[in-house]
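Each in structure tokens, the structures are laid out below.
You will see subunit A twice below: alongside subunit B first, and alongside subunit C after that.
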Partner chain A sequence: MAAILTIDKLRAGYGPIDALHDVSLTVEAGEIVAMIGANGAGKTSTLMSVSGVLKARAGSIRFQGQDIAKLPAHQIVKLGLAQSPEGRKIFPRLTVLENLQMGAFTRNDAPGIAADIEKAFAMFPILKERRGQAGGLLSGGQQQMLAIARALMARPKLLMLDEPSLGLAPQIVVQIFDVIKDLNKAGMSILLVEQNARMALRVAHRGYVLETGRVTMSDAADKLLVDPRVRAAYLGE
Partner chain B sequence: MLPILFAEAFNWTNLQQQCITGLTSGALIALIALGYTMVYGIVELINFAHGDLFMLGSCLALTIFTAFGLAQPGAIDSASNVTILLAIACCLVAVPIFCAGLNRSVDYVVYRPLRTAPRLAPLVSAIGVSFIFMNIGLFWVGPQDVNFPDVIQDRNLLGDDANLRFTLKNLLVVGVTVPLMIALTVFVKFTSLGKAMRATAQNPTAARLMGINTEFVIGTTFLVGGALAGFGSVVYALYVNTISYQMGFQNGLYAFTAAVLGGIGNIPGAVLGGLVIGLVQALGTAYIGATWTSAIVFAVLIVILVFRPSGLLGARVREKV
Partner chain C sequence: MNRKVGPRWALVVFLVLAIYPLFPAFDGWFFSATARSLGAQMPTLFIFAILAMGLNLVVGNVGLLHLGIAAFFGIGAYTMGILTVPAYPFEIGFWLALPCGIAAAAAVGLFIGVPTLRLRGDYLALVTLGFGEVVRFTLKNLDAITAGTRSLVPVPPPATPILTVDWLQDFRPFYYLTLGFLVIVYWMLGSLERSKLGRAWVAVREDELAASCMGLNVSRLKLSAFICSAGIAGLAGGLYASTITSTAQPDAYDFNRSIFLLCCLILGGLGSRNGVLLGVFLLYGFDQILSPIVDEKLQLAYGAPIRREFLGIPISAQMQTFAGWRLFLFGVVLIVMMRYRPSGLIPNDRIKEELPPDPDARPATK
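What follows is the complex of A and B.
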């Protein structure tokens, strides 16, 4: 399989401080890769660097062979790289439908966009019911669904999800993870960031452990699930 | 004393007349307020220079009228209607472009490098730009109030012997401001760029993740806000017929107040705020006295903010986190 995303020795940070010191990671086409780590480890910073929102200070980020580390965020989406960010970041005063339309901002194939909106509604029927409502009025779970559906509207080749289970009721988390599995079965490559390490490693093919801005472990997901260090630090056993 | 006051208070014609005056100047205030509110909505900057941008627009309008030979005493009587209409048309094209370009340039040169700096840095810079603009205005039209050619006949459109007066000047203000507000609403609500503007205002990071070039959107916002101030300045000059390098201060302050009153960042709110302030101004002047106008306007602002801290139309949707 070919790598769709290759991060090599990425360094990035805020002000004088580096949040990422040396992050290297690969996502193969068709894979779900989980990135787990404690709060503040640098998971969100990694995704934001890939999306071009946080500028890489050193290292390279290659997406389908092209170095995107220096591209502005709005050009990266166009290449087929979308993100459902931590905390959902729904546009609160745009309607559900408008939120979805914003996800397709880089596209101009109106019929394709309309078809994809119907697909999103089929995936999450509650969004269809609430299509005219302001995004800010949705419940947390509905906002998460909207955030994923909105990211999919870009027709990405790689979907990045930042803590999709954060703050959601257990049965909603199950529903979200089912969607992640289904998307992957349909061929989507996914980079999944989670603090819920157990759930993430169960759906993922491979996983990376991030600690204070460095990758400290990487292995097949089922191996990480039984690794004593992972079990002690992230699975609460 | 009392019966006279009583009679005056219930003079319906007078009240209606004050409402026409108030709504007319309110529409003008609203046009300036839109520039404040749009910029605040998108970069959370109170652009103190906006009122002075409006003032510079009037200066350019005067220069254009001078170039058409309409500014000299007595020139209007001998000028043909075609010349006058050409001068107005020229102003309505050139001044908005000038103000839009100037506003956009100031953003690019001054505010953009401070985008991630603490809030106070761009704010203080905006005050600085305001002073620079005022100095340019002082240099341009001089320290005194300057007459702006009174080219629009003050003929009553409701008939020469009607009790109420709605003049060609009122019509000019309404005829320019209302279509602009409608166009702005359509632009922001339905076009792709307009939606990108709202998205950027609501969550800039998410907007970038959607593939929106937020710097371009911010630049466009400064262009649009500047253009509206430009239109406003031409209409103001034609309506009030006096301009001065200081006119940006009070008009800017009223417009900013209108934006806050309506709910800063909210476009219909700015229009509503402008109309309310125009009405309060006109009614306060007529029934209480011109000396008190500013005090009354701000008293109304304070009272409304006490009951609705985020303005009349502000924060209609609570954000769930």
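What follows is the complex of A and C.
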């Protein structure tokens, strides 16, 4: 297996403060990698650095062998790296359909986009039912589905999901994680950030634990699930 | 459904405006007391409607607070002036000077937009405000080029090689010229709104972070809207200079003009082209057409001035006329609007969902 994403000694931050001091991780092609950690550990900052929204101050981010640390955000999406940001961030006044079209903004193949919209509707039939409604009128779970579907519209090779379970009812969380598993079975590489460590480690192949901007542990997901330190700190046991 | 109703109404309005000058008797009957022609006032109104729609592109569609639109209007007018008046050797005529005015305004928009569009919210408002004043003072003090407060005259009317047109006595040629440009701008902005670019602008207004996660180049999108609006303002400026046969005084392009246009947008409905048209027709119609008529009628009926003092307080000459109270009235109207209908008279479909007219009727979310 080849690494699709390699982050090496990444440092990034906001104003005078570094949020990430030393983050190194890899995602192999076809893998689900979970990043877990407390609030403020740097999980979202890591994803934002990969997306190019937050500029890396040191270290390298390589996507399929190409250094993307210095690229602007809109070019990174074109390379095949899409993010579904924390809090879903759908466009509330655009319709469901327009939200999906926005996800395909960097693409120019109209027939391909239309086919992918049909695929998204097949994956989430509720979105097809509500295609003409404003995104802001969807329920939280539907918005999360829309956010994932919208990220997929860019035809990414690596999908980054930031807190897909945030604020959702437990049944909906299960549904969302089923979708994540199915996507991965179809060959999608996924980098998953979650507060819900148990759910995340159950679907992931490998996991990384972040603490105050540093990777403190990394192992196979099933080993992290039984690791006493992880159990004490993140699984509440 | 709603989206279909809007354009049809606009079509009716444009049709009425198009046939109106064919009935000169109506004009005389309605305004006999004033010896004014409504039709003669309309070209300026159409020009301000074009300008307001340009401003709406930036403020309504992309959500940037732009307080210096009058500067681009002025640049368009002065480009038209410099390229056509006999005092300069160019005299290239209206039809060539108009695209030059658009290009000049758009180029200045690019120049000012590149460094400033990375600023957010209030800072951008301050820069555009300052820029507007800089342009006005430059026009005023660059006497050798702009003739300062004397303004450049005479700006010739458009050349029409086949027809012989009486541009100066008859109001109709300018009426149809400006109405034609208004319809073109209205239609172009409509198709722009429905395009991929238009949706992307809305996405930037809604959520910049999400937009950049989708691969939208946010600063490029803002810049494109800023330049488009500058170009439209340049077009309006060129038409204005030709219509009034002079570049007008630099003070015609001051901060008040920008704010007044912003009021039109807020009254009519931010982001909605029909709303903007209505706002311009109401506010400029009131300001330029209705209040002079009311003043003349008042004078005929009572003789001027009506009273010189009120409760022993002397009333200034300005406040003795109806027109003197207009800014006061605008203020009241804006406050009432903000309280009872913050999304404007004809709200944008997308914004309507966020700001229901009745605050208690807000649909329960979640």
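Definition applied: the second predicted complex is superposed on the first by the 237 of 237 C-alpha atoms of A that agree within 3 Å, B and C clash if a C-alpha of one lies under 4 Å from a C-alpha of the other, contacts with A are read in each partner's own complex, and residues count from 1 in each chain.
One rule holds in what follows: a residue touches a chain if its C-beta (ideal position, glycine included) is under 8 Å from a C-beta of that chain, and two chains touch if they have at least 3 such contacts.
Just so we're clear, the structure is a prediction, and the values are computed from it rather than from any experiment.
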When subunit B and subunit C are modelled together on subunit A, clash or fit: clash
Which superposed partner A:143 touches (first subunit B, second subunit C, both, neither): first
First, second, both or neither for A:217, with subunit B first and subunit C second: neither
Touching partner for A:58 - first (subunit B), second (subunit C), both, neither: neither
Touching partner for A:126 - first (subunit B), second (subunit C), both, neither: neither
Partner chain in contact with A:235 - subunit B first, subunit C second, else both or neither: neither
Partner chain in contact with A:3 - subunit B first, subunit C second, else both or neither: neither
A:103 touches, of subunit B and subunit C: first, second, both or neither? both
Set of subunit A residues, in rising order, touched by both subunit B and subunit C: 51-53, 72-78, 82-83, 85, 89-94, 98, 101-103, 105-106, 134, 136-137, 139-140, 150-151, 154
Subunit B-touching residues of subunit A, taken from the complex the two chains share: 51-53, 72-78, 82-83, 85, 87, 89-94, 98, 101-103, 105-106, 134, 136-140, 143, 150-151, 154
In the complex with subunit A, residue positions of subunit B that touch it: 192, 195-196, 198-199, 202-203, 205-214, 316-321
Contacting residues of subunit A [partner subunit C, same complex]: 51-53, 72-78, 82-85, 89-94, 98, 101-103, 105-106, 134, 136-137, 139-140, 150-151, 154
List of subunit C residues in touch with subunit A within their complex: 196, 199-200, 202-203, 206-207, 209-217, 220, 350-351, 353-354, 363, 365-366
